[in-house]
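Presented sequentially are two complexes of subunit A, the first with subunit B as partner and the second with subunit C.
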Partner chain A sequence: MSTEGQPFPFPSIYSFPPFFTRQPNSQTWTSQLSLWSSLILGYCRYNRIWRIDLNTAIEWDLFSNKEINRSLKLDTCREILDSMVKKGNAEWVSGSGRDAADKNLSAIIFWRRPEEWANMIADWIDSTGQRNAILTFYEISDGDLSFSQDFRGIDATILRKALDILVRRGQAQIMRSADGEVAGVKFFGVQ
Partner chain B sequence: MRFWRPIELTAAHRPVLYDDETDILVQNSVGIYEGRSRLPEYQNGRIYLTSHRICYVDVASPLSHSVAINLPEVKTAQYTARFLKSSPKITLHFSEETYSASASPVYPSSTSATPDASTTSLINSESTTLSLSLISSVAWICPICSFANHFASSYRPDISPIPACITCGVKPPEAVIKDALVEGGIGHGAASPTNDDGGPLAATDADGLACPKCTFVNNSALRFCELCGARLQTSTLNLSDYLIDKTEARKESYLPFSLNGERSKYALPIQEEILMYVKLSFRSGGDKEFFERVRAVLTDRTWLQNASRRKQESSIIVVNKELMNNNMKPEEGSPKPPLTPSFGIHALQRINEREREDNKDLMGSLSDLQSLMTKARGLVALAENFAVRLASSPGVPEEARRALRESSNALSLSSPIVTKEMAGGGNNEIYHAELARQLAEFLQNGVLKTEGGIITLFDLFALYNRARGISLISAKDLRDACEMFETLKLPFKMRQFKSGLIVVQEVAKADGIAVTMLVEWVATAQRKPYEEDDGVTPQDVSQHFGWNVGVCVEELETALEQGKLVSDAVVGGTRYFVNIITSYIWDWKMDIFNEKSGEVANAIDLTALEEELPNANANYMKFSSAYKSPTNVHQAMLANGKSLL
Partner chain C sequence: MGISSSRPSRRITKQDNAILNMKLQRDRLQQYQKRIQVVLDRERDIAKQYLEKGDKERALLALRKRKYQAQLLTKTDSQLETLEKLTQSIEFALVEKDVLFGLQQGNQVLKEINKEMSMDKVEKLLDESAAGIEYQNEISEMLADTITNAEEDEIEEELAALQREEIAKRIPSVPTADLPEQETENAEEESEEEERVSERNRGRRQPALAA
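Then we have the complex of A and B:
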């Protein structure tokens, strides 16, 4: 699916210098937020990025266009991610930092919603005949059978969210080991 | 109206002044009278005292109801204090001979009223001589020795020099002579002599007239008291008055009268109405000061001083002009011929002399500020003279002409400066209103044009004060004056930007127009694809529109707030672009992954934006057409990326 080696095809708005400045007009800013959110989702999906750590991500070409020598400010960046979190497209990861400034620096990007992931995993289980089998989390994200799947290398947090949805639907069950740790998941298949 | 004549107004509703006429005083809420009759439509206006005239500018309808009287025709001024409900008034008496001599040619209506012009002039001159012949009977009391002097029969009021006292040889103050003339009835319209008949026109009583000095009742035919020889207070009928007033509204009240001298035999009880004076009624104070100034003007005869200076100056200009353009038709543009004919060597000498003086002026005035101040007037005249010369000589580049015109504009105001003293009694409101009017004139004289239609208050402050040269105004006065633009219905207004920057602009130019103009221009100035130093800076805007940079920033920020422009904050400053963000549509899943989805970034209503942002919309159209088919998307993206490189 992903075109390896090819750089991400940025939309033309990416070359529009004011795109990297937080616009004071609220309507413009709303549009700008929406465009940025799309851009981040697209970029992350294209490059299969699950988490954005702003400390390093701010240097990415996603947030700074070398051609026109413009880059997004950290604050603006955080504001954009915040709006994505509100829309359900991302989630802050409570980092190790103690103070508030350090806190919201890392975010999980849901370039697919957990529901989509849940459906995708369920379909994959069906198509590969793994119904009623017990799989570890690792097997789902990095196992041999999931090699060509979209959720290959999926972030553990997202995976857990997706599986939780399946559990709620009654399609899976989380298996715990004796010491209470999550060991794997059992799929029941679609009735 | 006989005495009040219509006048021209400037756009700011101030009277247009003659060359060298200067404003002296302004007063609000004044009503005017002619004779005893109150002029109903002229009861609330501003009264301007100038060196030549007293102008009345109506508040309600300034264009149709603005009139003036000429001060040279005024003989004396009288002051009546407030009495119960009656406002204080200033009565201005007209001297009959100057009035009747000058009135008929000035009055346009009089031509239709007088079928035979020669008759009129004959009568006029007759009545003039008559009134003058009586002057010898008038006595003035010398303030030094109290001797009652008689005027020489050749004495002409306002023309002849002031006579010296026969006994002590001291010349009296002019006021004494004037008072005497008024008392003697020469300056007093009501007491001027009779007409050609010499008949008993002034029979107010059937019995006769009581002498004002000895109270003896004389026969009404007599003009001097039989007993004491004092002048009797006879009312007269001035023939010219009839001629002039024939078309006036009041003519119905007159008795039938024909030009060939046949007069109705009836008595003329309305004579008192034909009074040779006008009254100014001061409804809101300022009367005393006005009166003092009027008296000072009448005593100084400011109009004469100015006139003589003008004569000198114009003669010089005429000489210069003639010599410069030999083939120019003589006297076409100049109404007055030079005072002395100048030909040959004499003229050349005069030119040389003049040039030497000019050079001296130039060199001397630039040596220090003090001398520049004293010679300012001369220098301005020189600059104007030079402008005239330059304008009439061929082969001068247009740029030089324009530069000169502008510089001379900046050097002086078109009208004399408004000072606090001018506004009656230092009344701030009147002062600021006048200041606002002059500012409006100043702005209209091309100042606002060179500033691109918007001028900041501090630029205006600097320019206006430079134009004033002396007695500069304070920033507060300027601001107060500008605040009155709208109440005075002047075509300018003050506008405050969010940051607090205050500008003055034309009323016709709504706030939105500047922004629209700006956005349109920014759209044309943009390059595509974008580069690092793309966009528009306030400096660029300033260069293009001629606005002050501060104004540009404010206008750009306004456009930004309205969402018509977007900003690009970089280290070097903020750059501005047309807003394409709001109308940009990007379906990322479709574009990159060729996937159908309901999620379209920026799905907002575009129809509202279409009219506002034609350019941005065109932009959008381009994109949407390029991405119409999903298969094109990737190539288009890549192509776009390449073109960006």
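Then we have the complex of A and C:
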């Protein structure tokens, strides 16, 4: 999985100064958007980042290249994430909803689509003989058995989405704890 | 797996909920342990800092706190163990229940099949088939009686004719085509070879003769 310690190998476009400025030509902007989108997805996948909070993320090396002294503006960054949301590669997380400015600042990044996560979890359940087993969400993301899995430490929202897909397929059922909180899942065999 | 998936209950049972609650409790304990571990490390740092400043009293206090947290950690460890053991026993009991269910079903099927094969039925069936065989034999006898000796001879004759025909078919026909040319060349070579061999033999034989 992720080669820890080594920094993410940025593509050559990352060292191209105009890449960090929103291009006025709409055609150029479209291709710039898709380049940024794949860069963000690759970066998040490499570093296993599940959420981007623009307040802090804007200072990451992802959005600012110190070597060429260029960085992305917050608005441009938001626009890029917005296009990713439209393509289904990300999803805005509504903050605590205190004010409108709070909105569209934090996003979940789907560097794998929920369907992929769902398949991966279903395969893992099969291969570890956990059909008909009851698992807590914490057990899936941080348990002993999921240690070497790609979904290790998966964001709760993404996990829930993936599990919902399995529920729709009839492969699982969401369970509530005694205090009514959604907390676990029961898996069934594949039929 | 076949046993449990053939069960109609694809629902959450009471046992499932009990397992979930225990697992949730276990998760909480594990998270609590993580937190204590962080505090443990922190108190150690604090103690170090106070020692550097020369405040021995506070360093001791921090270490005392650390000791207390460490005790908590061992306590939660044993709690965690109990919880996990119980969860595993329940899960194993459920597996056993599945096995029992499978055995029951198998037993029932076997009973039903045996019911269909009652002794009376088998006896009756055997009687019936014996009667059938007897009847068949009678018919054969009756048919055999109707054939006269003369007719029997004719039948024998026919059989012999058929056998002759069969033998005639089995004997292969004599080939009419010429032999391929290459073989004749080979044959020549072979004869030359033979000559040479015989010459050599003669040469060898002569001294033998002389001797």
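Everything that follows uses one rule, which is that the second predicted complex is superposed on the first by the 188 of 191 C-alpha atoms of A that agree within 3 Å, B and C clash if a C-alpha of one lies under 4 Å from a C-alpha of the other, contacts with A are read in each partner's own complex, and residues count from 1 in each chain.
In the analysis below, a residue touches a chain if its C-beta (ideal position, glycine included) is under 8 Å from a C-beta of that chain, and two chains touch if they have at least 3 such contacts.
A quick note: this is a predicted structure, and the numbers were derived from the prediction, not measured.
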Combined model on subunit A where subunit B meets subunit C, clash or fit: fit
Partner chain(s) touched by A:I134 [first = subunit B, second = subunit C, both, neither]: second
First, second, both or neither for A:A178, with subunit B first and subunit C second: second
Subunit B versus subunit C as contact partner of A:G88, first or second or both or neither: neither
First (subunit B), second (subunit C), both or neither touched by A:G153: neither
Inter-centroid angle subunit B-subunit A-subunit C after superposition on A [Cα, multiple of 10°]: 130
Partner chain(s) touched by A:F19 [first = subunit B, second = subunit C, both, neither]: first
Residue contacts on subunit A - larger count, subunit B or subunit C: B
Partner chain in contact with A:F188 - subunit B first, subunit C second, else both or neither: second
Superposition-derived minimum Cα distance between subunit C and subunit B (Å): 32
Subunit C contact footprint on subunit A (complex, rising order): 131-136, 138-139, 142, 170, 173, 175, 177-178, 183-184, 186, 188-189, 191
Partner subunit B, residues of subunit A touching it in the complex: 1, 8-13, 15-21, 23-25, 27-28, 31-32, 34-35, 37-39, 41-42, 45-46, 67-70
Residues on subunit C engaged by subunit A in the complex (per definition of touch): 1, 4-5, 10-12, 16-17, 19-21, 23-24, 27, 30-31, 91
Contacting residues of subunit B [partner subunit A, same complex]: 529-532, 534-535, 560-563, 566-570, 575-577, 579-582, 584, 586, 588-589, 591-593, 599, 601-602, 604, 623, 634, 637-638, 640-641, 644-645
